[in-house]
Amino acid sequence: MDHFTFLVAAYAAIFVVIFLYVLFVWRRQSALEAELREMEARLKELIESPRSDEELPSRHP
Amino acid sequence: MAAFAAILRKDLRLELRSGESTVALLAISLLILVVMVFALDASRARGAESAAGALWVALVFSGMLGATRALLAERDNNCIRGLLLSPIEPSTLYAAKLAAAFIFMAIAEIGSVILMVLFFNLNFDITLIRLAPILALGTLGFAALATLLAAISNRTRMGDLLLPILAVPIFVPALIAGVKASASALGGTPESAIAEWLKILIAFDVLFVTAGYLLFEYVVRED
Amino acid sequence: MSSMVRKGLGYLSLALMFVAIFMVFDWVPTEAEQGIAQRIFYFHVPCAWVAFAAFGIVALAGILYLWLGERMWDDLGYAAAEIGMVFCTLVLLTGSLWAKPIWGVWWTWDSRLTTTFILWLMYGGYLLLRSSADDSPQVARFAAVVGIVAALDVPVVIVSVRLWRTIHPAVLITKTGEHGLEDPRMVVALLVSLAAFTIFFVWLLTLRFAQLRARTRLHRMGQEIALAEMRAGDR
Amino acid sequence: MAAPVVETHELGKTYGQHHVLRDLDLRLLPGRAIFIVGANGAGKSTLLRILAGLSAPTAGRALIFGLDSRRLGPRYRRRIGMLAHQSYLYPNLTARENLEFCAELYAISDPRGSAARWLERVGLERFAERRVRALSRGMEQRLAAARAMIADPGLLLLDEPFASLDSEAVQIIMSLIREAVARGASLVASAHVVPEVQDLEFEVFDLARATLTRRPPTRDSADAGRIARLRSLLGR
């Protein structure tokens, strides 16, 4: 292998690893959004259930 | 101070009674030395250096066992909680556990040194005395580190598997210094060659005994 | 940090990345002694810098967490450790790909390589610890302690490894890390890469940090909803 | 009015999304006793662990001797005695050694003397040199009670103190508790049924659905107390 191959391999490695990590972060993001949607559904159910309107969780600052 | 003495005395009494830890530590040290003899081919390898290496491998492994055992004594009947409830400071508990681990390890090391001399065909002579401060410093450093980290690994899902993963990389500088210094001591190089390594060992010890003393509180606490 | 600023940082780092790549592949002169493989250096060094900075943040966040007890610092430490580990891996990978053509071996126990490798092991343990226990204040404390202890170890590692290697001079190391950047264009390329990576790091860290913060808040919200559900069920 | 020994404000404890305790307001004055009654897993142990300063509440706070339960220094920890299912005794130490060790931890002036005294009080003087692992469950719990009370605590936290004990052990531990309360100590104990405790006035709280509700003193329980007292006067 000539030196140029190593050079390309090194830069390819950098971008592949970074890409994989960003992908991982992105997937976490979708998981988080799914969790949020589930929570919103629960909240909605809670609001719509009778006689519990004053029992809403306090909002977070 | 009285509480420190009480806990240490209690641990030593428990150990005298069962002898489990010391025997286990000695057995591990013996086995590691045997493995090293075959792995390094003791008859041909450079005696002093292989012997020093084998000795420190034994130290690391027996140390992990020693620190775990010192904390394990508190697991039956949840005794650790009894200690946390009592009016002692967590740092005092750390000091006592560190001392117990140090003593267990020191006993195992005396055994290892004797075996090392036999297995690697060294001589029982004055050079062995030069090993004492090096081993003492290394043992103190490893006991300090492992006592702190064992309290962590103890309570994770991975359990004691986590201890070597956390402790060994952090111990590397002391390991390098210890092996090099021991090899020089056994090989009969002048004291001045060892001084640099001893400085590293001392720095490591000061750093980690202090860190453990200050941080132990955060790792023994319950949730 | 507002998401606008973060977005801006992301694009800026991307643009700088392209400039840096152009410089490395087409603009800088080839170093006389090491040849073309020396160009790995322009991204290798920024990776190392980012990894070290990230590990520094881990220790700092650990101290702040133990001191102030705020969940935020734990999230910051986690984000930094993860990113530091990614870049530390890259340092080792690129270092290895550089060592092979220059020194003829994939790996040599040269002092910098060894130090980086030990760091990699330490923070690998840190991340393993985090993943081996549930998300609780206890794990946060454990991680903070390990982060602090690991950082304390770094100077001792550096000194001991250097001493280890000078006492036993390795045959392989001919002209070690002395990168004589004889051409000013080399310096410019390095600086541009450093800037690109630093901004990229800030972008990534704030992104991951914000994500972990959001997760924490989401969990707290879940707790409150569960509480409200219990209260609603009381009647 | 004396300052309360235990005071909690909207105390809550959550594990993940599971609320073990919520909105607990509790006040305990010196010399008073509380029994917390709830099913297994209702959170009684969690509450006692919080009051002992072992566990941090996730909402609200607990004040013990007027101090935040997470910041109890040695001086205050010394005044809390805890007795739970786990005895905190070393199986490989003898009964005497365990008590002496405990006395040393609590910096009691004459560890040997006080260990001997307490062995006698829990009726274990004949078993002083026996290892804890060789004691029966009842004897071990008696020893654990001695351990909890060796430093004359001002606050006793008892987590199901009588669960699966023989009647002798129950009697002995009960009399120790009575003495301690008579001396002015406060008591928080958990149980899964209202205990029949003679000569001890206590309030009962039910712990269910993660909240505490005070049980009004019913005629039944008052009668039961009176009957029990009469019975004891008549020697059964």
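The chains carry the letters A, B, C and D, assigned in the order they are written, with residues numbered from 1 in each.
Just so it is clear, a contact is a pair of C-beta atoms (placed from the backbone, for glycine too) under 8 Å apart; a residue touches a chain by one contact, two chains touch by 3 or more.
Just so you know, these numbers come straight off a predicted model, no measurement behind them.
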Relative to chain C, the most remote chain by C-alpha centroid is chain D
Two candidates, B-D and C-D; the one with more touching C-beta pairs is B-D
Per the C-alpha means, the centres of chain B and chain D lie apart by a whole-Å value of 40
Here the gap between chain A and chain D, centre to centre from mean Cα coordinates and rounded to Å, is 47
Dist(centroid_CA(chain C), centroid_CA(chain D)) in Å evaluates to 51
Averaging C-alpha coordinates per chain, one finds the centres of chain B and chain C separated by a number of Å equal to 31
By the touch definition above, chain B meets two or more other chains at residues 222-223
Touching two or more other chains in chain D are residues 56
Those chain pairs meeting the touch criterion are A-C, B-C, B-D, C-D
Interface with chain B, chain D side, in the complex: residues 49, 52-56, 74-75, 77-78, 80, 82, 86-93, 97, 101-102, 104-107, 132, 147
Per the touch rule, the chain D residues reaching chain C in their complex are 12, 14, 16-19, 22, 56, 58, 209-211
The residues of chain C that touch chain A in their complex are 21, 24, 35-37, 39-40, 43-44, 47, 83, 86, 89-90, 93-94, 97-98, 100-101, 204, 207-208, 211, 214-215, 217-218, 220-222, 224-225, 227-229, 231-232, 235
As the complex stands, chain C meets chain D at residues 134, 137, 219, 222-223, 226-227, 230, 233-234
Within their complex, chain C touches chain B through residues 66, 118, 121-122, 124-126, 128-129, 132-133, 136-139, 141-142, 144-146, 148-150, 152-153, 156-157, 159-161, 163-164, 167
